[in-house]
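Two complexes come next, and they have one chain in common, subunit A, joined by subunit B in the first and subunit C in the second.
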Partner chain A sequence: MAFFAGIDVGSVTTKAVIVADGELGVYHVAPSGANYRLAAQKVMEEALAKAGLALDDLAYIVATGYGAANADFAAQQVTDISCCARGVNRLFPQVRTVIEIGGQASRIIRVNAEGRATNFVVSERCAAGSGRFLQVIARVLQIDLEDVGPLSLKAKNPVTYTTGCAVFGESEAISRVAEGTPKEDILAGVHNALAAKISNLLERVGLEEECAITGGGALDVGLIMRVEQRLGVHLLVPPQPQITAALGAALLAEERSPISPA
Partner chain B sequence: MVKKGLEWAKSLYQDRAQRAKELRNHGKKVMGYICCYPPTELITASGMVPYRITGTLEPITEADAYLETLMCPYVRACLDLGVKGRYDFVDGIIWPHTCDNIQKTYDIWKHYVPHSYYHYLDVPHMSDPSSFEFFAKGLDVLKESLEEFSGVKITDERLTEAIGLHNQNRALLRELTYLRKPDPPLISGAEMTQVVLAAMSIPVEEANHMLRETIAEVKERKDGLKQGLRLLVYGSEIDDIAFIKLMEDCGANVVIDDLCIGTRHYWKDVSADGDPLVSLANRYLGDIMCPRTFRRSPGSRQQDLDNRFGYIRDFAQEFDVQGAILYIIRYCDTFEFDAPEVKDYLQEAGIPVLHLEDDYSLTSIGGFKTRIQAFLEMLE
Partner chain C sequence: MEQEKRPEEVKKTSARKWTESAKKVRGLVANMYLRAITEDKPVAWVMFTLCNELFVAMDVLPVYPENYAGLCATKRVGDPFIDRAEADGYSNVTCSYARIGLGYSALWRDTGEIPPFAPDGGMARPIMLVGSSLVCDTRYKWFQAFSRYLDVPYYAFDMPGPPAVTAHRPDVREQYMKYNLTQLHGLVSFMEERLGKKMDWDKLDEIVRRAEKSYRLWYDAYMMAGRAVPCPFPAEDSFRCFVPAFFMIGEQEALDFYQGLYDEIKYKVDNKIGSLPEERYRLLWGGGLPPWHTMGIFNYVEDRGALFVFQSVYLPLNPADIPDRITNPLERLVYSRYEMGIRRAEHDRKLGLFGACNFVGLGNPLLFVDEFKVDGVVMHWLRSCRGATIGQIYQKRLLAERSNLPVLFVESDMCDIRDYFEADWKMKFDAFLETLETRKRAGA
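Here is the complex of A and B:
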């Protein structure tokens, strides 16, 4: 049996996926920290340990993500856009539009039946459209990122964010805290602001159903709910949304490997 | 050893002012100008050296004291060089009334950057018959003012000769551009940008000589570029090779552009017939395809779009491109307003488009690389 791996070195987390015969074997996710090279190595090692394999057992590795160049053990680099399209296609072949909420940026990717990206748009450098905005606000409210989603669902009067900027958004959140606004209302307001950003991005490439949401942002049930509300569509969520691009990278590794799977 | 052709262009690109400073030491006057609109023919006819003002990618350290950071980053970069004294070798400056940012920076430049001569050129925003008449009169005022400053009378004969030289310059730049048509092209997009900038930094006769050498050199190339996806780049003031090189490092070939430091500057000639000032007015106001000028289209919406953007589609088809990159400098309202329509227009013509927005300093080049690579992966 031949094994293939994909490693996605993201700005916030690094993910590794190992596949065998086109099926997901094991995966591992850990923070990228400030040393992407080290993170790539450690996450790959952890994934290999879970699978009981050594690096030499992998026939081919594809690296993706913002820090892909740091995974020097990979044979090839493919962009996260192509990898995400490929990964989603494996999980949900019927999906034609993917909303990927990453740490550094959000992306809308249009996917065809073959799992290739046909169009895409990336949120601009500003952090307001990305998962980073949620991190910033969670820090202001002194809550764990995992608690953001469930807590936000309790909101009764979501606050209205007047800014599209993460830096101003932070001071706006602090003002609401000072006014005594409940945390859940602040969080729901942030989700609404993000949903509006995503909806604007979608305008640019068009929405074709079915639609999936991936990336670390898709771990946040509150965000998913607000995006669905805003767009009026049902969103498909992979069981492990963070590893979608890494899975795509592993599948591409299998396709592109000079050694065909046994 | 005297540098020739591409090597000379590269050297000028790296130290743009070297020749202009040398000529100035020999008593020549150097006349700076910003943007595509001031007619360089008038500068040449007055015996001065036309010198295009540009920015650089170095960090803006002083201009922020005079201009808000939400202004056009290109204009801020130019002003930064100005206040740092990098344009002190320029004797005078012609500043056109083109976009808001350039227009308003004139007073600031005049106050903080010392030259012996300043001229503000009114360029109408409309392109009706009365606009051309108005612009020709404005050029007459510029002519008289340049005569006074240079001490040289710009006779019709001198002006016609200068128009001839600049038409030759443009024809040579076009000839070089056509060497990008083969697959792979004979000259890269980054090299082309270097040559265009170099030609904007020396007297036109010398530029024409450099271009002839470059064309001969490029035609002889045997081990040229690699085949790759062929791209068109649309945008404004790309006066550094970094961005075009980034696309070419990703494996693509930039084979045609619609840029200010590119075809927008040299694609159309000035008519050699009739009143030379009228010919200049017609060419500079009518033929420079910049969104700062309003073009009245009496027909349908489709005719309006064809009138405004048809030439970009024609470029794409003539140079056989597989995709187009719209590179818009952040806060450039002039281009931002047109970008969505340009994008739709090209996509409807079957040309895939990647729209990028940047603050000109290319600080987030890593993020761009991913988007360009993904675009290329999509086109493959």
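Here is the complex of A and C:
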């Protein structure tokens, strides 16, 4: 049996996936930190350890993400747009639109039946359009990121953010805290702001159902709910949304490897 | 302190040049600034106003701060000027062409000398400043500020584009011609007063007609290149070769340049000499000024088999056939500008785009995608240029509706490199080319 791997070196987390015969074997996720090269090495080592493999056992590796160049053990680099499209297609073949909410940017990707990206749009260079905004506000509210979604679902009066900027948004959140606004209402306001930005992005490439949401932002149930409300569609969510692009990279590794799978 | 900020090691960021004509532009630009510094002739700082012919006729050496800002950006020495302008309170979203020029003027006022790190010897001291309303709103106040920094008289005139919807009406044409003639006569009077001499109308007539020939060659050369498969004259070359038309028009040197450009492109087209061995993807630069600070990004795209076969930003003026009955050179100038505007309006009307601005030409990308066999369109969002950015989302929507062409948006600024994120651009270009490949395979 031949093994193939994909590694997604993102701005917030690094993800490695190992596949065999097109099926997900193991994966590992860890913070990228400030040294992407080290993060890539460590995450791959952890994934290999989980699989009981050595690096030499991998027939082909594809790297993706902003820090892909740091995964010098990879044979090839592919954009996260293409990897995400391929990963989603394996998980949900019926999906034609992907909302990918990463730490650096949000992306809308149109996908064909073969799992290839046919069009895409990336959010502007602004943290308010990405998962970074959630991190910023979670820090202000002194709550763990994984608690943001469940807590926001309790909101009764979501605040309306008057800014489209994460830096000003942080100040605005602090002001709301000072006013005594409940945390859940502040969080739901952030989710609404992000949902509006995603909706605007979708306008540019069009929404064709079915639609999936991936990336670290898809771990946030509150955000998913607000995006669904805003768009009026049901979103499919992978069991591990963070690793979608890494999975796609692994599948592309299998496809592009000069060694045929056993 | 400012000198400390000058980059010690500036990496080469310019794009490859594919034509001999494009290689000549750098020398023309350097000479333009050198002449202004060394020749004993009056210098005017001028906004791009479509009337360079007047300055040539009056033996004035025009210097264009817009062009100089682009030069600073390509040399990556714009930052100290931008910092100086922002220190005086100019916002970081004020036009970066303006910020570079304003910072330059402020530093000059501070020290009484041309800033030592100014490329090409700097912009020579002017005896007059001339701005207009053409293209964007920053232009009036920008030169007014120059005037205060340099204590030099400023003349501003109005140059409205023909109205999009009613341009074809005879009464509108008459009003427009009359109004613009008045404005140009005002400029001539100002120049005569500053220079202490009268306009030589016969000389101006000769210069205007020479400019008309140059415009014709410019237009024919660009269109011939855009249609050609393979394309011998990609966008990065045309982003260079518009310079004589914008900033030297009316001079014999500009006419010679465009004759040479036309001949070179015709030879290459006739002999099917392209730029790339294989044009896997033909792209259109469909909106936004280019990133002057990093023109080498065009090479990145080319190395992946894609070529920008045309840019619809610095478009050649569609030359008008001016009736023989119009013999006054100022009237000829006004007539050709009006015709240029209404031709774009007519194009827009044919496309059903009512209300489009004529000079910006909202329908532009659509005009070229079919004829130039384009696979995809790239547009550049400019943080400090509203005039060249506004309407891009609308254009993208039109392209999607009418041609199903994919559009990539990249963002930064024409001169302020602080808004540029190279990894992001490369990632987007890579992903865009991947999607074009998918479409190609699918026969889209």
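In this text, the second predicted complex is superposed on the first by the 262 of 262 C-alpha atoms of A that agree within 3 Å, B and C clash if a C-alpha of one lies under 4 Å from a C-alpha of the other, contacts with A are read in each partner's own complex, and residues count from 1 in each chain.
As a working rule, a residue touches a chain if its C-beta (ideal position, glycine included) is under 8 Å from a C-beta of that chain, and two chains touch if they have at least 3 such contacts.
No experiment lies behind these values; they were computed from the predicted model shown.
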| item | value |
| --- | --- |
| Clash-or-fit label for the pair subunit B, subunit C on subunit A | clash |
| First, second, both or neither for A:T79, with subunit B first and subunit C second | both |
| Touched partner set for A:G206, first subunit B, second subunit C, both or neither | second |
| Which superposed partner A:A117 touches (first subunit B, second subunit C, both, neither) | both |
| Which of subunit B and subunit C A:N157 touches, first, second, both or neither | neither |
| Touching partner for A:Y66 - first (subunit B), second (subunit C), both, neither | both |
| Where subunit A meets both subunit C and subunit B, residue numbers | 66, 78-82, 105, 116-122, 124-125 |
| Partner subunit A, residues of subunit B touching it in the complex | 352, 355, 357, 364, 366-367, 370-371, 373-374, 377-378 |
| In the complex with subunit C, residue positions of subunit A that touch it | 66, 78-82, 105, 112, 116-122, 124-125, 204, 206 |
| Touching residues (chain side subunit A, partner subunit B) in the complex | 66, 78-82, 104-105, 116-122, 124-125 |
| In the complex with subunit A, residue positions of subunit C that touch it | 381, 393, 396-397, 400, 406, 409, 411, 419, 421, 423-424, 427-428, 430-432, 434-435, 438-439, 442, 444 |
